[in-house]
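What follows is a short report on a single structure.
Note that the chains are named A, B, C and D in the order they appear, and that numbering of residues resets to 1 at the start of each chain.
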Amino acid sequence: MIKVGIIGAGRIGRVHSESITKYVKGAEIKAISDVRVTDELKEWAKGMGIPYVYEDYNHILQDPEIDAVLVCSSTNTHAPISIAAARAGKHVFCEKPVDPDKDKIREVLAEVEKAGVKFQVGFNRRFDHNFKAIKDRVVAGDIGEPHLIRVTSRDPDAPPIEYVKVSGGLFFDMTIHDFDMIRYLSGSEVTEVYAAGGVLVNPEIGKAGDIDTAVITLKLANGAIGVIDNSRKAVYGYDQRAEVFGSKGAVQTKNDTDSTAVYSCEAGVIAEKPKYFFLERYMQSFASEISCFVDSVVNDKPTLVNGNDGLQPVLIALAAKKSLEEGRPVKISEVA
Amino acid sequence: MIKVGIIGAGRIGRVHSESITKYVKGAEIKAISDVRVTDELKEWAKGMGIPYVYEDYNHILQDPEIDAVLVCSSTNTHAPISIAAARAGKHVFCEKPVDPDKDKIREVLAEVEKAGVKFQVGFNRRFDHNFKAIKDRVVAGDIGEPHLIRVTSRDPDAPPIEYVKVSGGLFFDMTIHDFDMIRYLSGSEVTEVYAAGGVLVNPEIGKAGDIDTAVITLKLANGAIGVIDNSRKAVYGYDQRAEVFGSKGAVQTKNDTDSTAVYSCEAGVIAEKPKYFFLERYMQSFASEISCFVDSVVNDKPTLVNGNDGLQPVLIALAAKKSLEEGRPVKISEVA
Amino acid sequence: MIKVGIIGAGRIGRVHSESITKYVKGAEIKAISDVRVTDELKEWAKGMGIPYVYEDYNHILQDPEIDAVLVCSSTNTHAPISIAAARAGKHVFCEKPVDPDKDKIREVLAEVEKAGVKFQVGFNRRFDHNFKAIKDRVVAGDIGEPHLIRVTSRDPDAPPIEYVKVSGGLFFDMTIHDFDMIRYLSGSEVTEVYAAGGVLVNPEIGKAGDIDTAVITLKLANGAIGVIDNSRKAVYGYDQRAEVFGSKGAVQTKNDTDSTAVYSCEAGVIAEKPKYFFLERYMQSFASEISCFVDSVVNDKPTLVNGNDGLQPVLIALAAKKSLEEGRPVKISEVA
Amino acid sequence: MIKVGIIGAGRIGRVHSESITKYVKGAEIKAISDVRVTDELKEWAKGMGIPYVYEDYNHILQDPEIDAVLVCSSTNTHAPISIAAARAGKHVFCEKPVDPDKDKIREVLAEVEKAGVKFQVGFNRRFDHNFKAIKDRVVAGDIGEPHLIRVTSRDPDAPPIEYVKVSGGLFFDMTIHDFDMIRYLSGSEVTEVYAAGGVLVNPEIGKAGDIDTAVITLKLANGAIGVIDNSRKAVYGYDQRAEVFGSKGAVQTKNDTDSTAVYSCEAGVIAEKPKYFFLERYMQSFASEISCFVDSVVNDKPTLVNGNDGLQPVLIALAAKKSLEEGRPVKISEVA
């Protein structure tokens, strides 16, 4: 049984807290910190059985009983907190992206390595039952050599413009998961990226300097070709599908729904829409990624999403951004 | 190349004519007869390239060039015309049911046997791609021993009350196909029937002495159990599904649709309704049954739906009717 | 926050314990009892945070702090323990069947009523996402008047012969859930039952006096017809489907799978088999039924599966058994 | 009733002949020509009821009774024969591609316009039930503004290397249909193309100067983005899917299969593979395109696939080829 501290009590920090309380054998939460400690937070922590609530995360880092921390604070603090935690000898689970700046990520990775602690990045979709089922087929050799990897990733609605302005853009706040998925499913590194994009959902997004619709082509080291299509707004809900096609066959996933019920009436044969958004769709994967992280710590195993897995999607996103700006394919080596 | 005469130029007579003209290698239509020869019929026959149109079907039976006849006239004439045709040495394709009276069917079968001609009954669904795919799995042994056979058969709308009054009732005009399907898919004879039914669609059907909704349980000689559910009216269209379940697995079919298109929108994920009714749904099977009949004639093979296949569903329908009237399971031997 | 005692620490007792610990807001387990208190049980209870473990369930009934009990002991003790609990003023959640003897059930219901405590029976499938989606459509009026209700319920493998000998038979240990489902989905009472059955899976089951394959037709008070098909062994896994068909449309459910992945290869287009058995398939419903029970207790609401819901399926099972033995449809009034 | 001549009696010439004979009202074939008139061809033509068989197609062009010709000869003769036919006053149905050389296509279009004859190009997939169902949704406004158009087009096996050497390459012999489909489904012109490709199926294809796997991104005049993925070899069969996603929803199609049968067994839940190849998959569309062409001629309507529809996909293919060679996106204006 290890003791865990959670840094950041926003939405994702609480999701992980609930997962640990409900599903994760072998870990308990000793403390949570947040820059704003409200009565509501104290009440919530009490209900969850979390003994300590701090404003200053250093209390967590200085607690010798705490084995591992989950960095769930705002993105710009991921890197410094991860470094501080590693230096304090804590194992680190860090939400994605580690940092939008590749050099800061490398700094984190260097510190983690020096400290000899475990480091896992929050690419939760790798732990999703559907994507995992694809990966299992690939690993089992059922697909043969991968030739094409397709990811469809469309949100049910665009985020507020204020978020768009600070998120780093579509490639960093949304496609980053898909970049990771292409690497995960193919088992190969991306070498070159070409991004086509447009502002088709909401002109305000364009005014904020971002796009809302994209098709990204990715060349992989093993010769396979990846392709991602993104939209900020699918009116029918969160569209999360993938396919790997290769020399021996193909495997593809459909969207999850709340039930399998199909209603036949004069208007047609109507199935349910996809589960609404990431909290509904990926809840199981959030619990699973933390279980695996705890398992890595407890049993001294490598983490399943390591430092390089945190770095590469950011490099791909940088290349995609440059590709879009310059209207040409961009090699990862140009931005690495 | 054999020459064929068609007796009865109603809907099904014309369906078979078109099939022969378009799809059936090895047969051509020399003549068609109908009790009412209109200008429209003559025009239609000309367009189809059918040389002769008669009012009296005896002209067909007396034509030595004609090898085979298709009996597509009204149900009450199926038996006498089939007998006359067999006596004239013509091979006979007879629409279902051969006759609602089991003794008349036996008379036909005796005459056919005496004449040594081919005899095929129009249970077209055996030639349908979906039902055939089930049968192929059963015959290949993929299902193992059959345990359960389920047939769902629901019409898109109830027929006119005038038709209901003379059709012989649901079991004879509609379920008769499903009785045949249970025998075909199971490869076994029905020994006992229990029918539950009601008037839920339209009270006028009840006043006409019929039911519009039914569940029929059938015990089979091989120990398997069949079950059919019927409705005169499925608002979403013609619902035609079947399943065979056995010791090694199960095979089931879905409805055919005009396209595979699925539309995702705010209201749901909407697929197409089943093809509207039997002409849309079973057109391929009508062509295929005639091709097989012609093949039996040309190559002197047994027909794929023989005289006994014409008799048994009528016996089952008689048992179902008696079961419904008496509120108890009825053995086929009680009505045979 | 109510305190709960669990009587019986077998499989289902532990399933409910985990549900309460993980998912049920507003309840905590104070004690668990079992006729055999092993070290393993003590260890397990400790891990679950359950303070007390007793051999004698009377310690639970006598604890004034405990508000409600879950009766998860062996079937023959359900009735007496439920009665004792009601007399002790505890709210009762009782696993199904309350008792195979209708008179004992009535006795329980009388005592429960006298005591004025909540009483819920463990028909968990009503809380399943798929069956609930059907019910929601029915309640919303989307189906119109129900005409046909179909339930397919097939186990992945037959239970041990020792179990078959004491379970009361297929209708009591397996179909009982389906009888409940027909009532739940139709919103109507069963008035008459006809059961056809056979021994097709394993002759040992026949020697033990039971059947392993059945089709049961049920007439309902509202005129609709229900039909259930059962098998003790579906080699492809736990087959749990249902359909309600009515004047305005139909709604049907498919099986749940571990993922939506579909593998296309030379052998075909292969989807996953259904989730293996009831623990995998219905885990969410077990949690949900307990949540609802706790909600009924805390907020003084009627339970969603009441005493009559415990009685009726047993009456239907009695009628089904009599029908099978006597080869005729049996009215519920004959066995009530 | 118009009279038709067919030039070229290879596979596609015979497919069209059969379509006209079986399905096309209002047209009959008077003559067929081929550079090699064999006894087999004469026999086949006789069986089809085609009165004349010529070696020299000029006999067809000079026959004043013939209203329209179908140009089904080898690709390099499409343009000169189409021009000769137009000059002879015949309406022209020309197989795709009209010519790999854009200037020759323009020459054909100029001659056709001068002659005032109908001209239709053989992009048969526009007439396919599935793609048409997508188009119908787009035209009905159900998709809103199109944002993304995806086409998956994978052959069941690579063609012989000898064919690869002369076909003009993947973009001209295979993707050309998909380029047309993107235009058809989006209702917009392609303005820029980026092609990523590789040799993953068979190194011999690479030696022959071609690729066998590709992902092509297409920017459209209306702002939407198209993406095509191609493979020369899908071991599970002919994979032909498409999707249009827009502001109001999305519509996508699945593959057609020979039956809807699904087999559940210990190995999984197995559906059928897609129909094998284009002759099986697209037969209905071949008949439909000719029916529409005949309708255009008989009723003096514009053809549904006009001269520009023949030209644009060739320009897109030229841009795709240049893009692949130069590793950059290429504007259609660069190659037009």
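The criterion applied here is as follows: a contact is a pair of C-beta atoms (placed from the backbone, for glycine too) under 8 Å apart; a residue touches a chain by one contact, two chains touch by 3 or more.
Everything numeric in this text was worked out from a predicted model, so none of it was measured.
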item: A-B or A-D - the one linked by more C-beta pairs in contact; value: A-D
item: Maximum centroid distance from chain B, chain identifier (CA atoms); value: A
item: Distance from the mean Cα position of chain D to that of chain B, given in whole angstrom; value: 39
item: CA centroid of chain A to CA centroid of chain D, Å; value: 42
item: Between chain A and chain B, centroid-to-centroid distance (C-alpha), Å; value: 58
item: Residue list for chain D, restricted to those that touch at least two other chains; value: 234-236, 239, 248-250, 263-266, 272
item: Chain C to chain B touching residues, read off their complex; value: 145, 147-148, 150, 154, 194, 196-198, 200-201, 213-215, 217, 219, 223-225, 227, 229, 231, 233-236, 239, 245, 247-250, 327-329
item: Interface residues, chain A side, partner chain C - complex; value: 22-23, 129-130, 132-134, 137, 142, 248-256, 258-266, 272
item: Residues of chain B touching chain A in the complex; value: 234-237, 239, 263-273
